[in-house]
Every structure is written in C-alpha cells, then in structure tokens.
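Pasting the structures here.
Each of the next two complexes has chain A plus one more chain, namely chain B in the first and chain C in the second.
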Partner chain A sequence: MSRIIGSEFFVLFLCLIAFAAFAPFTPGFVSTGNFENLLTACLPLLVLATGQTMVLITGGIDLSVTAIIGLSSVVGALVMGGEQGWLGGSPMAMPVAVAGMLATGALVGLFNGACIAWLRMPAFMVTLTTTMFFSGLAVWLAKKVVNAESIYHLPPAFLALGAQAWMALALAVFATFVAHVLLARTLLGRWLYAVGHNPRASLISGVPVAGVTVGAYVLSGIFAAMAAILLTARLETGSPNHGKALLLDVIGAAVIGGTSLFGGKGKVLWTVYGVLFLSLISNGLNLLNLSDFLITIIKGVVILVAALLDVWRTRFVRGS
Partner chain B sequence: MRPRPLRTRTFLTAMTAVIVMAALTGCGKPDAPGAATQPPAAVGQVKTIGVAFETLQTEFWVAGFDKLKAECAAKGITMLEGVADGDASKQFDQVKNFINRKVDGIIIVPKDGKTVIPMIKAANAANIPVVLYNRPADATDARHTAVAPDNFAITRETVTYLVSLAKKTGRKQKAMILMGDLSDVNAIGRRDGFEAAVKEAGDAVEVVARIPTDWNQEKALAGVQSAMQANPDIGLIFTSSDFMFPSIKSVLSNLGKWKKHNEPGHILLGGFDGDATAYQLMADGYVDATGVQDVYWEAEQAIQVILDAKAGRPAPVRIDDKGFAITQANLKEMESRMWGAVVAKNKK
Partner chain C sequence: MDFTPNNAERPKTNQEPVVVFERIEKSFFGVKVLQGVSFGVGVGRIVGLVGENGAGKSTLMNLLGGNLQPDAGELRVNGHRYTPRNPKDARAAGIAFVHQELNLFSNLSIAENLFLTDFPLLGIGVPWIDRRALRSRAAELLRQVGLDHSPDTLVERLPAGERQLVEIAKALGAEARVILLDEPTTSLSSRECERLFALVTQLRDRGMALLYISHALGDVLRLCDDLVVLRDGERVGSGATKDFTHDRLVSMMVGRQLNQIYPERRAPIQTGSSESMASPDGGAVLQVDRISQPGIVRDLSFKLGAGEVLGISGLMGAGRSELARILFGLDPFASGEVRLSGELLTGSPRERIRRGLAFLTEDRRQEGLCMEASIADNLALVGLPANSRTPARFLDFTGIQSAVTRMREAVKLSAKATDGQAVRTLSGGNQQKVVLGKWLLMEPKVLLLDEPTRGIDVGAKFEIYQLIHQLADRGAGVLVISSEIEELMGICDRILVMRGGEITGEFRRDDFDRERILAAALHSSKA
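And now, the complex of A and B:
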C-alpha cells in the first residue's frame, strides 16, 4: 500500500482509474474527437502549470499568471492585429508579436521576482497585487489603442497555432521538455530545489538564492506568455480576459501531481499527470451533462483532497 | 541467468502510450460499448441541442436558460448544457464537446462577439447549425443565425420617456448611465441608444457620469457612489441592465434619495431587460421605465431556427426581437408581455 501511495506514478494510477470509470458510462468519452478535444483543451493549462511548478519548487507562488496571459495577449495582438496593429500586414508581424509576448511575460516575472527576492516581500502579496495591476493595464492598453477590449484579424500564420492541433501540441511538448531538462539536468534546476528545501542553507552553500528566485518567476512569466500564445491563437482574438478562470486549475494541477506547496519537491512529469487527471475529470463530468456548478464543486473537492493526500502521503512514506 | 524484471516505469510509460495511441487511432469508436452516443437523427428530426451560456449570473440569463430547457423538453429534445463563467476558452471546449457528441444544433450565448467566431467555424465544419442567443457576433462570414434585441431602438424609446419626464420638471437634469461590458454588442447598442435620446433632448439633459461596469454589480455600486459624490444633484439614472438596480438602490437609500415617482426628490430611473426586479420596483413606484426584451420569444425562435435548419429550410442571418419600453404610464396594460412580471408573479 505504501509503495502505491508513495509511488511517483500515483496520480497516473488515478488517471487510469478515472479513465476506466468514465469510459463505460460516458457517451462520447472514448472517441478520437474527444481525445483531440481533451488534448487541445489541456495544452494551455499544461504550459501554465509547468511554469508554476518551477515557482512552487522554490517555495513561492505566482498568482499573476492569468494577468500575464491577458497582458501578453493584448500586447501580441496590438503588434500583429490586422487593422490597427503596429506591424499589421507585415511579414515580421508574427515573430515580433510572439517575441513581444514572451518579453512581456519575462518582464512581469522579473518584476515579481525582484520584489520577492530583493525587497523581501511575500510572494502571495506581490503576485496578487501584480495580478490587479497588469490585468487593469491590459484592459487600459486595449481600450486606449484600439478602443475595444478584443483585438481581431490576427495573421493566419499565428492562427495556425490554434487551428492545427499538432502545432499547439509541439509547442506545449517543447516547453514542457525544456522545463524537465532544466529541472532534472542543470545546475539551475538543482538550485531551484535547494532554495525550496532550505534557502538559508542554500545561501550558506553558495547558491545565489535571490537570482534563483528571480529566475523562477521569470520562467513562470515566460511560460504564462506561451500559454497566452496558445489561447490567443485558439480564440483568434487578443483579449485581456483570456485565461482568467485558470488560476485554481493551474495550482490545483501542480498540487495534484505531487508538487509541494511548501517547496523543495516537484517534477514536470508529475505536473503532466496532474494536468491530465484534472482534464480527464473535467471532460468526463462535462460529457455526463452535469451542471457546470457541480463540476466546479467536484474539482474543488478533488484539489482539496489532493492537497490533503500529499501531506498524508509524505508523512506515511516517511513513517514507513 | 535470471531474466531482468520489467521496470515499472517502462511498463507504465508503455501502457500510457498504448492507451493514447489507441484512442488517437480511433480504436474507441463512437458506437463501441461504453461509448454510447445517440445514433444520428434522421433528416428533419432534432434529437439533441447543445446550449452554451456565457453565464447564469442574472435573472435574464436564468429565465432564458430555463425557457430553452422547457422548450426542448416540450419538443422531446435532449438539451446538453454548458456554462462558461465568462471564460471564452472554456466555452470553446464546451462547444467542441457538443460537436463531438454530434448534436443537431448549438445555441450559444457568447462571451463576446469576436471569440465566438472560431466556435461558429468549428460548428460549420461539422455541418451543425448555430444560433447565437441574444448576443450577435461581430461581422463574419461564418454561417449562423443571431436572435437578438434591437438594443438601440428599445433603449432610445425608454430613455426618450425618461427625458419627457425630465422636461416636465422645468429644470435641466443631470444624468448618469451605467454601461455594460463594451466588448458586448448589447452594451454598445444600449449606450448608443441612450446617447441618441439624450442628444435629442437638447439642453434638457446633461450627461455628467458614464460608469463602465463590465456587467459587474460591485463596479456598478462603486461607480454610482463616486458619481453621486461628485454630482449630488443627479436627477436621471439609466442602467444598461436591470440586474444593477440593487446597486443603485443601495447607494440612493444611503443618501436618502430612494424615492417613489410621486414623492418629492424622486430620481428618474430607467433600465433594460425587464426582469422581475425591475417589475417589482416599477410596481412599487421607484423605477420609471425599463426596456423589455422578450427572452421567452427569443428562446422559442432559437430552437425554431434549428428545427428549420434540420428540415432543410434556410436560416435567416438575424432575427430581431423588437421589444418595447414599459413605463409607469403603460405598466398595467403591458405587464402581461413583460417576462419579469411573469417570473415575479410565479414566485409569489
């Protein structure tokens, strides 16, 4: 029993159980179309949760990811939007816009990290206030420049990221793979874990704790911007409202996967399992035609149980 | 030499890969056991309709949702439901689920007029008729039908009545408008209708506050408070949706300005939707007028469009809900046509 519960594949077991539970009773669950829908729907969440994982490993939290999505989406659309975009119609529109979106995410992450690492402000407070600030900035920017909240007529090359499932999948897999390699194979990855385990001991050991913390938030910002690329392409619109409802799912997926809210523990692969499990639950319950409110309640309970299970699992395995 | 045991990680990875590959190659076909989708409906027969609402935040949307449910039940149609809570991406997932379930029609209340366009295109690709309920899309060549009110005309009629009352006071009235989410074409139409009526009023009315509420009651409350602080002599308030009346009432009550239409110090109040709250406030004498959109008629039309499409009849691009303004002057005569009055009386 302790081997199963303590196994790093525990959530994958849960995914298989969920699949087996839904398959016989849920109309349309086991079909190519549904799996394609499931896959495309969970990709932005996967990218977001991967970025969040790196922050959680350091013992922090980034609540501003949804604001980064909105701001990045607006920035990108303002650059490449067909009618009033700064580079609208130009062949350079898309690459500049994508670079701008990633830079936006990185800059917001840099701001967050700097406040947390160098000004010693609590991560919860910093990222909560930057959520408000950058959400408002995104709306202001859109209304100021184009007098509308949604910006349309994006280049077909950019929209292909949303229309072609394989392109979105390639981007998400690439981002996740890079994060996995970074955490598992690089010095920065080891430092991220060290800071999460014990920042004081890490500092004494020569780890640049402040720089590592800033780096984690910059990475989280970049990953949020990548999620913005996927969402903006999928909905063919730049909008400050994209991804607003994703925050609980992002943190929930990372926690369900096994990343600890207390820092020092987490893996990209675990987050993949967490995203898969949460997406399976949402998809299955949706196909069962349950009311949306009931689905939200169930997801909340699942995330709470996952968090409790994580605490119990850690104690149980240590005791064994 | 003992054979090496199969490593757990390898086994699980392989198993997961097998399941994913099996699904992606279509080994789980829609008609396999445990994947019990309905068989496709015969030509002309509508068995399932997918209904994707942006929100059920207000009485209006709840009334529309319930009416669609009742209409489907009456016609023996199964209704699949989805509520996106303002998340366009979630709404897209819900629409794609409907498409995967091979529904006979999809009714959408979009988050905004632009993000719904890829959803319509996805349904077009699957040859499923799409109806936009109450909120039209932005200009697009994607095939769909919009059943929506003429927000401009109804609002203009309502505010023109308020202006006529303002003129009777003999003094210039300061006015405030609570605007909705301006990514919603309904909000834009109502704002424009208000501005047009006020412009026609000439010097009788001066707009001193335009509150952007984003269809949020807390923002409405804060906006009205600030506006009344800056302009305590505001004499006319129009809200782009009746669901914000409680916020207005809260502020005016605290200021001692919540008066009936026949009491001194009454502030002219107008709204839009015609919900139960507005009806009760009108019956009690606090609200002077509201623009009524026929939510029940719109629901009936939305389903009829799908029935017609299935029967091979061409679907119009737009069906207009003409609506009307209900005022203190015609309340008794028109209340039977006001859906909010029906809801309010059913509650008693």
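And now, the complex of A and C:
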C-alpha cells in the first residue's frame, strides 16, 4: 500500500481510476470533442501550477498569480486592442503586447520576491496583499483607459493562440518543458530545492539564497503572464477578471501532484499529473450535471486530502 | 507561605533524598550522553553539579524537567517514581527551574510573570483575574526574595540580577520544593551574585532542595553542601564539598579519556617557512587583526599558518562560535580586519567560499545539511557552481557524479549508504562526513570547524581527525573549535583559549596542559 502511495506515479494511477470511474456513467465523457475541451481548458492551469511549483519548492507560496493574470491581460489588451489600443492595428502590436505582458508578470514577481527575500516579509502576507493591489490596479487601468473592464478587438494573430488548440498546447508544453529543464538540469534549479530544504544551510554553503528566492517569484510571475496570454486569447478579451477562480486549483494541483508545501520537494511532472487529475474530476462532474457548488465542494475535499497527505508524509519522515 | 516540609511527605523516615536519579541512561542518535548516572538531592541541601561542556548536565536537567525521557533508570521525587512527560508535570511535582537565559516575559509586569500559569481568579464563575489578590500575593513573594519593587513594575525595567530573583520568586509562588539553578550567575555582577547566594542559602535553611549547576567552581565550592562531578555522561565523583578542592575538581572534570585515540600529528609546516603556500605574510593563510564586536568579541588577533591546525578552546558563551561566524561573513563585526592569503576578506559567505574559506558549523542539522535531501545533493551543493556551464548554467552531471564518488571515498562514508539516500537516515558520524566532504570538494585554503565531532562515535571521530590532518598537510589552515580539551590537545598544533570574547591563553603543542587550558577558560578566581 505504502509503495503505491509513495510511488511517483500514484497520482497518475488516480487519474486512470477517475477516468475508469467516469467513463461508463458520464454521457459524452469519452469523446474527441470532450478530450479537446478538457485539454484546452487545463492549459492555463498547467502553466500556472508549473510556475507555482517552483515557488513551492523554495518553501514559499505565490497567491498573487491571479492578480498577475488580470493585470497582464489588461496591459496586453491596452497595447494591442483594436480601438483604443496604444499600438492598435500596427503589425508590432502583438509582439510588443506579449513582451509587455511577460514583463508585467516579471515585475510583479520581482516586487513580491524583493519583499520576501530582502525585507524578510512572509510570502503569504506579501502575495496576499499584492493580489489586492494589482487586481485593483488592473481594474483601475482598464476603467481609466477604455472606461470599461473588458477590452475587445484584439488582433487576429493573437486570437489564433486561442482558436487553434495546437498553438495553445505548444505554448503550454513549451513553458512546462522549460520549467522542467530548469528544475532538473540547471544550477538555479538545484538551488531552488536547496533553499526549500534548508535556507540556512544553503546560505552557509554559498547559495545566494535571497537571489534564488527572488528568481522563483519572478519565474512564477512570468508563468502567470503566459497563462494570461492563453486566457486572453481564448476568451478574446482583455479583462482584470480572468483566472480569478483558479487560485485554489493552482496550489491544489501542485500539492495533489506531490509538491510539498514545506519546500524542497516537487517536480514539474508531478504537477502535470496533479493538473490532469483535478481537470478530469472537474470535467467529469460537470458532465454529470452536478452544480458548480457541489463540484467546488468535492474539489475542496480532494485538495484538503492532498494537503493532509503532505503533512503526514512530512511528519512521518521527519518525526522518525 | 510555609516552607517547612509537610511531615507526611517528608522522607525523613527512610532518609531518601527528595530527588533521586538512579542509573539514568540516555542516548542521542546512538551516542550515549548519560551512562548510568545516580545521585540525589536531599531536603535542606544545595547540591552542585559540575562538569565540562557536554558532560551531560543539560540532559539531566531536561530529564528532570520532562523535556526528555530517560532510556533506562528511574527518577524519584519524594520517594515516588517520577515520569514527567512535559514541563507541566515537573511543576506539579514541585520542581522549578531558574535558567541561564531567563524565561520571563519582559513586556509583562512582575506580578503577571509570577502567576502566568496560575492567575488568582475572582470566584464568580468566569475566568476574571483578581487583580488585588494578584498584587498582594506577588508583593509577598517579592518580599521573600528581598526585592522591593512594586509588583506592577515591568520586568524589562529590571537589571539581570533582579530578574534572576523574580525567577526564584516564581518558583516559590509555584510552591516548589526543589529548585534547579542553571548557570544563574553568568550575567550577574559580583554584588548581585552575593545577593543571590544569600537567598539560595536562606532557601536551603528553610528546607528546600537545590541543585546548582555552574562552571564557576569558586562559587560552587563556597555555596554548595555536596558536589557531583560529571564527565562524559558518567558520575566521576561525589561527596561533601569539604572533600573537594578547586584543583581536584578541575582534574576530575578533565579526567583522562582512555577511549579516545588520536592520529599521530606529523611535524606541522612551520609558520613563516611555508613554501607550499607562498603568501605575502610568511605562511599565514588567515590573519585576524583586532576584530571587535560589542558584547561578542573584543580585540581579537591571531594568525593561522598554512598547514597549521589551530584549536580554540573555551566554555560555551566564550565567543568561539561567534568568532567563526564573523570570519565566515554570517555575523557583522564593528572593527578590525580579516585577511585571507594576505588579501582583505569581505562579502557574503558565497564570496568567501569562492576565495577558499569553508565552514563546518556546530549545528549540523540546522546549518550543515539539508536533512531531507540526498547524500549526493548535499555533497555536491558547495561545488555546484564549479560544475555548471554558462550561459544557462546547465549542470555537468558527469562531473558532479565523479566528484560525489571521489568525496565519498575521501571521507570514507559508509559503503552501505546509497547516493540517493536522505542524509537524515545516516548516523551522526556519517552525516558529519557528508558535511566535511562537501567542503573538501572545493579544496579550501582555510577550513573553520565548529565542534566537528559533537555527537559522533569514536571510530568516526578518528577518521575526521585524519581528514583534518590530511587537509593541513596539503597546505590548508584549519581552525578547530571544540569544547573537548582532550580533542584539541590530540589534534592541534597550537591552542588558543577564549573567555568572554577575548583570548586568554595560547599554548603550543609541546606545552599543552589540560589543567592550565581549563583554568584559562574557566571563570574563576584561580584562572
């Protein structure tokens, strides 16, 4: 039993079980259309959870990802939007907008990281308050410039990212792969784990702990901005409200995958499994015509159980 | 308050002391820290407990306080078997502690501190504090310890000596019959000490049992009725104080550890004639020049030669570990300078590591290792930057693996352990070898070692000593901080003794003398 639970593929097993359980009873569950739907719907979550994994590995948490999505989405739309956009209609609109969105994510991440690493503030408090601040800023910005929260008329080149499933898939897979390589193969990756395991021992071993911590939040910000690109393109709107409901799913998916809230442990691949599992459950329950409230309740229970497992594993391991 | 022991409880008939330790054994991670220690503390007696750092005093105290449980043997209080699970049990059994670092809340008043766990309540069914009773009972306790402050005075306004008295008042308030004082005089002036001793004597005369732990041998000899001497977790002497002298105590504490063996030290490279490490200052790899930091170290100067093993001895709190942390850039210092191979040493630990400085800390769990990470990851951590290639800093896994394998062999890590095993699962000795391995990987010019063999079995100790000598023979300077004088005498070329942040003695290998070293370290009139 403990061999199965301890296995790297435990969550993948759970996905198979969930799939097998839904398949016979859920109308329309096993169909190309639904699989495509499931896949495109889970891509923003995948990118976000991947970014979050890097922060969780350092022992931190980034609650501000949804605010980053909102702000990036507004910034991008304000640059490239057809009517009031700064570069509306220009061929440079899309690349500049995308760069602006990524920069927005990176800057918010830098701010979070600076508060946490250099001012030594708790990550929870910092990212909770920056969520308020940047969400508000996104709404204010949209209202000030276009006098509405939503910004339409985005360039077709950009919207193709949403309309063509393979393009969104390619972007998300690329982002996930980069994160995987970064964590598994580079110096920064090893340092992220080391800081999560033991920041004091890391500092004494010559790890630039503050810099690594800031790096994790900047990366998380950039990944959130990539999720903003996916969401903005798919919904064909720049809006401060994109991704608002995703926060718990993001942390939940990472933790279900096996990334520890206590730091030092996690893998991008695990997070992929976690995202898959959470999306499968969501999708299946949806097709069973359960109400949103019920689905939220069930998801909440699943995430709570995953967090409990995390505590048990940690205590079991460290206590003995 | 009445301190005459209740006749029913008074164990006079069977003559058994109030507190009895009987054949107590305790191990941490496979290392025995108490090996069958027995003694008792009687009514109306002050028993002094002395021993070097690591002799087992703190462990005994933690057992009494319920913070730890013995592996074997038993504790008895008032003739009954006593098995505390937590500090609350200890309080209930009438045992109180007055600690070295005080446990008072400085933001609260004296009265609130005295009754923190047991506020007098108005008997009206709701937990409402009876302020008047609180104040009058606090005033009564303060009178008993001879303090004339208002009970409403905030503790932060009291000097250290008076806080100590408040601690004792707190013990009296809890109706303690047994008071344990752990290094109560470290932060007191001599006048405050006198006041404390007068109170302790008075408490004894009122029938309390007192256990007094201190390094200040002069005080212990003057104050205590009986003495118990611990060494390496064993009781090596006990009896009435009049049978002891200062010199006899010191030699008992130091003893001769026949189970310790040290590798033979080859003639060190002479400072000043080093050719292996040509540095501007005649072979000194590390030069410390008049380093001061208020309250920590004062005007410290010394040189560490290339190929030299330099020991730093001293008691806990003498500033030894603090010195190492300052040298490694973890703690600040106000004035003075440090040079590595003649060049000024500044910057973060990372910068200093790059310059060739390495630091094995005294706390291997908190600061030395990532306990949950694997042996390989821990061994590789310091050497990672050297094994990564620009621009994206991709890691050279072949290089890392061969370095890990090389280091495992160099430090003779247990062959049973696999590279991927979490270091948490290793014995203390193997854990320490991992820490040492990660530093040796970078071939340091100067290695700072803080208690490198604490909590390690004899075999692993010997291997660590050998590694230290090998590194020195390759021309590095090694600074070893240790509480075990024997150890320093066994492995060092030279020993500096620190006390109160200053160097109070320097001994060369040919005139090592454990009693003189201890005397230089001890806070006593004989030193």
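The working rule: the second predicted complex is superposed on the first by the 312 of 320 C-alpha atoms of A that agree within 3 Å, B and C clash if a C-alpha of one lies under 4 Å from a C-alpha of the other, contacts with A are read in each partner's own complex, and residues count from 1 in each chain.
By definition in this document, a contact is a pair of C-beta atoms (placed from the backbone, for glycine too) under 8 Å apart; a residue touches a chain by one contact, two chains touch by 3 or more.
The structure displayed is predicted, hence computed values, not measured ones.
Overlaying the two complexes via chain A leaves chain B and chain C side by side, clear of any clash.
In the superposition on chain A, A:F111 contacts neither chain B nor chain C. One geometric descriptor of the composite model is the angle centred on chain A: between the Cα centres of chain B and chain C it reads 130 degrees, in steps of 10.
Using the contact criterion defined above for the overlaid structures, shared-chain residue A:H197 touches chain C, although it does not reach chain B. Once chain A of one complex is fitted onto chain A of the other, the partner contacts of A:V207 are limited to chain C, with no touch recorded for chain B. In the superposition on chain A, contact is made by A:L188 with chain C only, not with chain B. Once the two complexes are overlaid on the shared chain, A:F134 sits clear of chain B and of chain C alike. By the document's definition of touching, neither partner reaches A:W270: not chain B, not chain C.
In the superposed model, A:L235 lies in contact with chain B only, and not with chain C. Which of chain B and chain C touches more residues of chain A is settled by the count: it is B. For the pair chain B and chain C, the minimum alpha-carbon spacing after aligning on chain A is 18 Å. Listed in rising order, the residues of chain A touching chain C in the complex are 185-188, 190-191, 193-194, 197-198, 200-208, 264-265, 317-318.
On the chain B side of its complex with chain A, the touching residues are 8-9, 12, 15-16, 19-20, 23-26, 28-30, 32-38, 80-90, 92-94, 96-97, 99-101, 111-115, 117-118, 138, 181-183.
The residues of chain A lying in touch with chain B in their complex are 7, 9, 12, 16, 19, 23-37, 40-41, 44, 143, 148-150, 152, 162, 231, 234-237, 239, 241-246, 283, 286-287, 289, 291-293, 296.
The residues of chain C lying in touch with chain A in their complex are 328, 330, 348-350, 353-354, 359, 361, 366-373, 377, 380-382, 384-385, 388, 392-395, 422, 424, 438.
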